[in-house]
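Chain nomenclature is as follows: A, B, C and D, assigned in order of appearance, with residue numbering initiated at 1 for each chain independently.
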């Protein structure tokens, strides 16, 4: 579990993990359109999501599995851009009171705003829109200097992903810079739902036992049972993406006929997302109750 | 020139990959330094020997008599088309598969566009007894059938990539994902001087045998260094291979010829660039692990590139080339589809060499601007064009190219 | 050994051609003696230089590590597949086209079966600026499309021959007729060590660069001469090329591997031999200008031969080989279609080299009888198999060969 | 014209040229079948043929143009063999009283009879069947030693072909061995009908002006006018093949339905062959009349 936070510097993301295990949920923004995304995010929060990762779609999502790749493609085809993304975030951040994290690839961050300006304009716009932190899967710690600086300047957390392959040496470097939470990649590979919890997850959590920041495990979690097992294994939360995106994908592939159909369908999807979030949150809580109370808690 | 030790070329380069890959990349960097730079365990000796016995090196530097006459200057061709497999690609593929073996890896993955790098990797893997899987976009599979057959004949798996435009970019993404999943026992043999450090430098080192030979050959044959070296640039591996040993020779012009496609404009609506001239008109950005020049829209979304030549059809370019172009050491130019097709026919009929469509771009520049190249020119013929016959016949026909011979011999057939 | 000065090898050889051609043949004999044997005007020097710069010689002699392990002896491959054009054929084509130029001829004709000789001739003719026409049977045109494309791309005319079985034999007849019509300005570039004197000797001389190099290379690499040299034999040009410099080395076994086709029997009713093992089972006779061993019926009518490999699909064989076989100096053996296909896959997957189906026969013999070949074996890989991919895939599929990789990657395609 | 022959050694072929210009006519034996061939030969002789060349079909007729190649293919497909050929010749030689010349390729001669026996068995069989001479287009004079010997032993003429390219040196060697007549190849190339007389013909005839043997010009002659011009130019005869074979080919490609059709068609072809032979013979005679009487004649 996360150790006692320092109230003076604790971010709203860290706070989201403070009392109970957190459900971090991901959607690709603009999939299948901006309005639906807002509806879905609200539903996830209703279901129990403590943090929402809002994916800003990039044309070359090298860390994603097929499910999220396709979601990103749909969002791009529907016209999602960074500016539209920030508009949407600004709307949402008034609406829901969980921290919003932007997940995207480095080139979009790098290109935003004036050329030659580096990552700062993006971070500034994100902060203004109400983003609390960034996750950039193709930005390893060694290349993160300029972005980290900008995040600090604008009060954003920069979340790093710890992989099963991460060496101790690299882990130290990451923990030096990480804020918000530590994203523990539960297994090798890309995002996508799986049917079991990898043994790598447990190894990673053990390595992070002494870490002050909360630890959320992602990659492959789709069911109550996974969430339970992971939290019971020592995680402070779970990150779930593909399981939600799958629900959204079913709708878009069904293809609706009329506008009222659309609305009904959106409602239906929102309900299923909410239910899925609830299932996972419950799993996490169940796992939490299995954990022997640690000292200092 | 920038220091290379940090994996950067000026501002370009770097290592922009998922954390899961970073340890593998660090391991690779270490292996690169030990085996390739320091020749540990005699790696470089074995590599060079296999390049000779298996690959057929050295390749000739041939004076092209009829082109020389046509352009009224001395034109020499560096004959990478004669390398085993039919392109310069084997220099790199063999180097990397051998390195993977030295590193104790037991599986190879690679992406391929035109199929040349996939074929070269499949050959090298078969030669060294390494299981091998190649990712290839569906569109490329369909337009490069002979190369797909060749990979399969070498018993490499060919994994079709059905997303997006089904070309090289998607194949690279898919291979990165495979690598990220199987990183512990797998080496990713990247096909050009692109990707995260140490790839751009390592691939360049494996390819620089081209300029090492060519520099010595031209001095022997022409008695001096050339006025310019011309090579086509997709990712830029044959380019850097042909340039590297000349970079310090300041009087030698280095000309990188990109694919001008059908036009240098960009269709932002559709996210399409009808060319692949990232060095000439691209903007700085991060793609496939490195900061470099890219074809992208102002948001940073990567554009689909286009060229009649599948091997040049890529939205990025190697970071070192981007840096050398910024520094003014390399001159980026481009040649369009029509001119490349013409050059293909020209070399075939005048010199008895069928060049790859990629290489035809370099030859097309020679035709269009011979006077820019000085009196003594080396053109790198990066590969042979057997793989391109169907495309060339079809495209020449569609454009009614004068230079194209008629194929009516088949018409009377069964 | 017989004296060669009369154009005979023992009883074989000679000049059995229409009178109209005899003066051209006398002129050619004279030119052969002056330019090729006596290096007049530096012909041989120019030839050698072009073979190097344009052709890519020397080709490597490569130790095949995995075959060596498999057969528990040292197997070396002479890599003629790396020659420009993809087969040993260029050695001869370049020599003859260059000779035609020295002789002041201004037109080239040639026959082709598999298309390899036609391609090599078209390349050499383009390289030297000689107009060129290639005769090719209709059946061969249809089964060797890529080579037809290549000839056309080099701007050679391809003249389909529609009579008979539409294969090599008919193409030779047609080319002879063209030559007989245009003999004054035309040189006939015959594709193997067949035809009237001086062709068998001249083609052998052009090809013997193979054994000249291999003999030196094996001494350098293995420290001694090989126990045997193995080469496939169609007409026999790569065979004689690979053997010639070893003929005097009595301890070196010379093994000529013919196409066993589907069986060594003969269907006299239909006038068909389902093989092309003229050296092994043929009878003395006169065909295409020379006395040699032939596939014929008792009346002397020539039989259609058959092999899965178009380049071996010929009813005759070079007279010198026939003589060396009679003398016991060359051992004729044969390998059937299935074994050749297997060998094709074996080399592709074990060594990363796709051999021509022709060359696969030599490799098939190595598989079937390694112990007959001694401890140190040189196999001539006469060409690369890119041209054979379609045939191999189809034939492997039909036979359900274990060694053949599945091609289902295409099945999901568009 | 042929100079005065020596009656002691003159062959029946030479005799055929003695009095007037000779028409040498060619058919491929067995095209389209053996019976037809006999009928056609008789017709040619009725039309004025003085010598008949009977082609023994070989599978690789490298000196023939398309017309005769196809005739040979038809004959082979219909089953013609050397033995059947000799049977047919034996029949015919009782029937017609012009010299019959066998035209074939060397391999058939070489293979006939016992192996290792060389050309002798063939020549013997030919002589027995009634053949007067041989023409072997792929046997140049330099390779003709063994065949020449066999021909001498069995009283057969060996006819050589003089090409436009033949050098003086080669001509001398040929004339040393030639008997019967000299076959003057009227132009380069292969057999086949043409529309003009080549200038090469005249050059060749001039070179042969002093030759004792009769000279017949072949390759490309198909009309009265050709024959006239050639004989007027100094030839002792013309050799005509493709023009006859063309007539036969038309029949075979028409394809008959019934046996009585067959007989009618055969008769029709025979009539046309006879007429063609007559036309050519008349042309030759017309040319002959134009020639100024040479001394010694």
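Everything below uses one rule, namely that contacts are C-beta pairs under 8 Å (C-beta built on N, C-alpha and C of every residue); 3 or more make two chains touch, one makes a residue touch a chain.
Note that the structure is a prediction, hence the values are computed from the model and not measured.
**Q** For which pair of chains is the number of C-beta contacts greatest?
**A** B-C
**Q** If you average the CA atoms of subunit B and of subunit C, how far apart do the two points sit, in angstrom?
**A** The computed centroid separation for subunit B versus subunit C comes out at 34 Å.
**Q** Just the number, please: Cα centre separation of subunit A and subunit D in whole Å.
**A** Distance between chain centres, rounded to whole Å: 97 Å.
**Q** Can you work out the whole-Å distance between the CA centroids of subunit A and subunit B?
**A** Centre separation, subunit A to subunit B: 38 Å.
**Q** Quick check: what residues of subunit B touch more than one other chain, meaning two or more?
**A** As it turns out, subunit B has no residue touching two or more other chains.
**Q** In subunit A, what residues contact two or more other chains?
**A** Touching at least two other chains: none.
**Q** Could you draw the chains as nodes, link the ones that touch, and say if you get a line, ring, star, complete or other?
**A** Topology of the interface graph: linear, an open chain of contacts.
**Q** Quick one: in the complex, what on subunit A touches subunit B?
**A** 58-66, 69-70, 73, 76, 81-82, 105-112, 115, 137-143, 160-167, 170, 174, 185, 188-190
**Q** Tell me, which parts of subunit B touch subunit A in their complex?
**A** So the residues of subunit B touching subunit A come out as 14-24, 26, 163-164, 169, 173, 176-177, 180-184, 271, 283-289, 291, 294, 296, 298-302.
**Q** Enumerate the contact residues on subunit B facing subunit C in the complex.
**A** Within the complex, subunit B touches subunit C at residues 52-54, 56, 59-63, 66, 79, 81-82, 84, 86, 122-129, 138, 141-142, 145-146, 148-150, 152-155, 158, 160, 162, 345, 348-354, 385-386, 389-390, 392-393, 405-407, 409-410, 412-414.
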